[in-house]
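Chain IDs A, B, C and D follow the sequence of writing; residue 1 opens each chain.
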């Protein structure tokens, strides 16, 4: 007898061995503590760029919202419940945007690309949430001589360097955001009908994250550098890195280092129309 | 101005930086040679197992075809064109099955799970082809004292060991298969509506692969061992590995080592209904 | 003109490019803070074993001191000054011993073997200090469900597993040790005269480490497991791992988790005679 | 009872568990085939540089011999007997030199620095042979569009890039060298007496390597680039890389790609005086 999908449970390929454990679904008997997990060291820097160039990287239905500021954030996570205490790193690249759909309107942070250092959340994030995740090798975070260094590479080609220096302690209270949350485009191509798609939909992570607590927060001066690549250096993503490398850095716009605990697993992610 | 999707070109998340280079689409000016690329060392072993247990891991519409024989193959690939000459390793787990859909009928190798040592083809294979790919660390292939050793792990937990010994040279001609090809289930969950799906479709890789040339072929005696894992050992795939570990090895059924060149990029993959 | 060695400065192979930077010698203009660096998470467990078996692994001039208790400690270090803020992990295996030389007598912890996850301190520690260091892959430390997990492997073969559970907070004050320090055997073979040696000398790390501060300390229940290996699994060190695997675990003897800051760079290391 | 060293057998730290298996000593019952092992893909390029600058990196007793030509070679080795069929990569940097000692005179290739991608041969090579080995991450060799790419890094910082293009088949016969072999300086610092040494001796690898067979040989046009590093980028070896980066490339001097089988394990290494 072949198997049946159990209703209400999340599956991912391969589906043939039962529901898929992951951030949004733990096996029976395994519990998580979203107030403690994960521990997250976040290092981010932003820069003002050219609005017209940036807009070329927004999908239909989106427009820039306010100043064209690109934010790059490294999130070094440890003590992750759904990985039984292991960790990995995420890199987010985003800018402010507005979405106007047939039904929904939303204003938020447009998440243009994510790199992660572990394949498992790349798979679950792409499939379940619509996170535009790619793989990168990320060196351990380090601070030397008052400077935070963050780097990412692919097969030995370093394509992103971010630093934050002149760190100052800052209030750890987060001002409640007026934004609706984080916007992204979930896309799955259609097999065989090359160029067509199975899924093309805007998804939203609502802004609220009540289980997250900030332990400390520092501000500083940041630098961001995307390194131009030949196709041969980054054969699956030179187009992504080069598009970001082409954005002019008109002026730096703030940098932060934050240590936090807890956070939601994006079960509140939803489709906008 | 936001961007538009160019018709006829393959996109993957993130779609915002242009069509996605990969195995089925190279950038303009980059050419591939499917008669030479990749170079592939394949090491495989099969075993007879229990039909009723195996059938539990077939989706609706599928049934076992012939003897319940599980095949495990490591494919160590190098000189891959679409990676500008780099390599990675695939592990295929399959068994013979028959699909009867509303419209199509097909008999072939049911590809139950694939592990790969590189995230990039995991992403493109899942999205474009429906390959049920997960990530594994794969040690370099090695031969010692007449035995080929193949191992795979995740975050240091070795979950699969395969050996082939008593190697004998064998004819390198492939008997044309009477099978239609390789069958798999493409599945993408629906965001927010947890338990529902966006895509659930059977896809087929037709058997023909005319650009592939076998340089040598050996037969031998194989062993396969899936190692039972606690959830804490393999928090995203203990269910997959344990299901395979539970299949009894009633008797070994042949093992091969093959060196080949060339192969198709699965642009002929299609959906069955 | 060929170069001359500058007096008073530490050199290591290759010596041709100037004095060698490392834990005991920083370049001009680079300063370290031994009260802050490194940050060290230490997880250790001990067991009582058979005295006669253990004694077989002591060099001439040494004898066991007190009970035959083997201690295994993982030291996960980060924020290391001499690595510009990077980290790595050390594993120490030791037991209590007494040295009686021609001139010196000393009682301490006999450091039988060290594994480290980075080649650079392996090189400097072997050459400068006499640390019996080998290489191991060490997974990130993790805690899950109240249990600390520590594992080490070589080329994918996991040879050491250590856990500490039932953690209880304990006083962080260290009782001053009555021991002289840590004892080891520095050994360098002689090139060409195979079987002879250039260096065979006992070296001592004096016990005092005034810059080290313990931030917290927990006690618990520990397990230690060395995994027997074939030569083919660990071709350069199966003899080390198997000798340790053969030591019977008569009873567990305490386990600790400690977080500390600071520590000396072993410039006080000296030769006993 | 403590252990005794068995005469005639090679030991390395830790010596407490018996003689040390490695390239020059296999355990009883394990045999090697120096005519087959290793398989070695060698990619090298040379350049003419400034004699006075180069001479500064020769130890006392050495002088340049002939033109100041720096050779950089990547040796990608697989099927290594003493690693039970595994592989690793060596990088050699050398130039021609003459040694005049109190007793011996020799002319050969001065091996200034070696990088390797595996700690085990770094340890045995430094201790037993006097190889000036350091650790580097080395990407898999690759060829794309007629160009061979070789790269090396440390903790993500790429410090060496070598390419060979315009490859032409060349005779695979090696002209017998008139050189005595490869010269190096074995050096071990003295513990506690910082700045003094235990070992400082010239060692020689005689030129003959009768078990080595060249399977093919190509010549081409090479490029070599050492990348200048801050101390923070390469805290244990910025001085080595920067010294090499400072050597002017006056003109390229040949490049080769060679595939070979077999080779000696340097048991003929000897000390010159």
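Everything that follows uses one rule, which is that a residue touches a chain if its C-beta (ideal position, glycine included) is under 8 Å from a C-beta of that chain, and two chains touch if they have at least 3 such contacts.
For each chain, UniProt lists the protein as follows: A, B, C, D = Acetoacetate decarboxylase.
Everything quoted here is computed from the prediction, not taken from an experiment.
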item: Labels of chains that are neighbours to chain A and to chain D; value: B, C
item: Between A-B and B-D, the pair joined by more C-beta contacts; value: A-B
item: Copies chain D and chain C - interface residue numbers shared by over half, same or different; value: same
item: Angle (degrees, nearest 5) of the CA superposition of chain B onto chain C; value: 180
item: Longest centre-to-centre distance from chain C, chain (CA-based); value: B
item: Chain centre separation in whole Å, for chain C relative to chain B (CA means); value: 43
item: Where chain A and chain B are represented by their mean Cα positions, the distance between them in whole Å; value: 29
item: Between chain B and chain D, centroid-to-centroid distance (C-alpha), Å; value: 39
item: Chain D: positions in contact with at least two other chains; value: 84-86, 144, 149, 155, 232
item: Chain contact topology (line, ring, star, complete or other); value: complete
item: Chain C - residues contacting chain B, complex; value: 137, 139, 144-145, 149, 151, 153, 155-158, 232
item: Chain B - residues contacting chain D, complex; value: 78-79, 84-87, 140, 142-145, 149
item: Complex contact set, residues of chain B against chain A; value: 1-4, 6-22, 24-25, 27, 30, 52, 55-63, 82-86, 112-113, 118-120, 122-124, 126-135, 155, 185-192, 194-195, 197-199, 201, 203, 231-233, 235-240, 243, 267-271
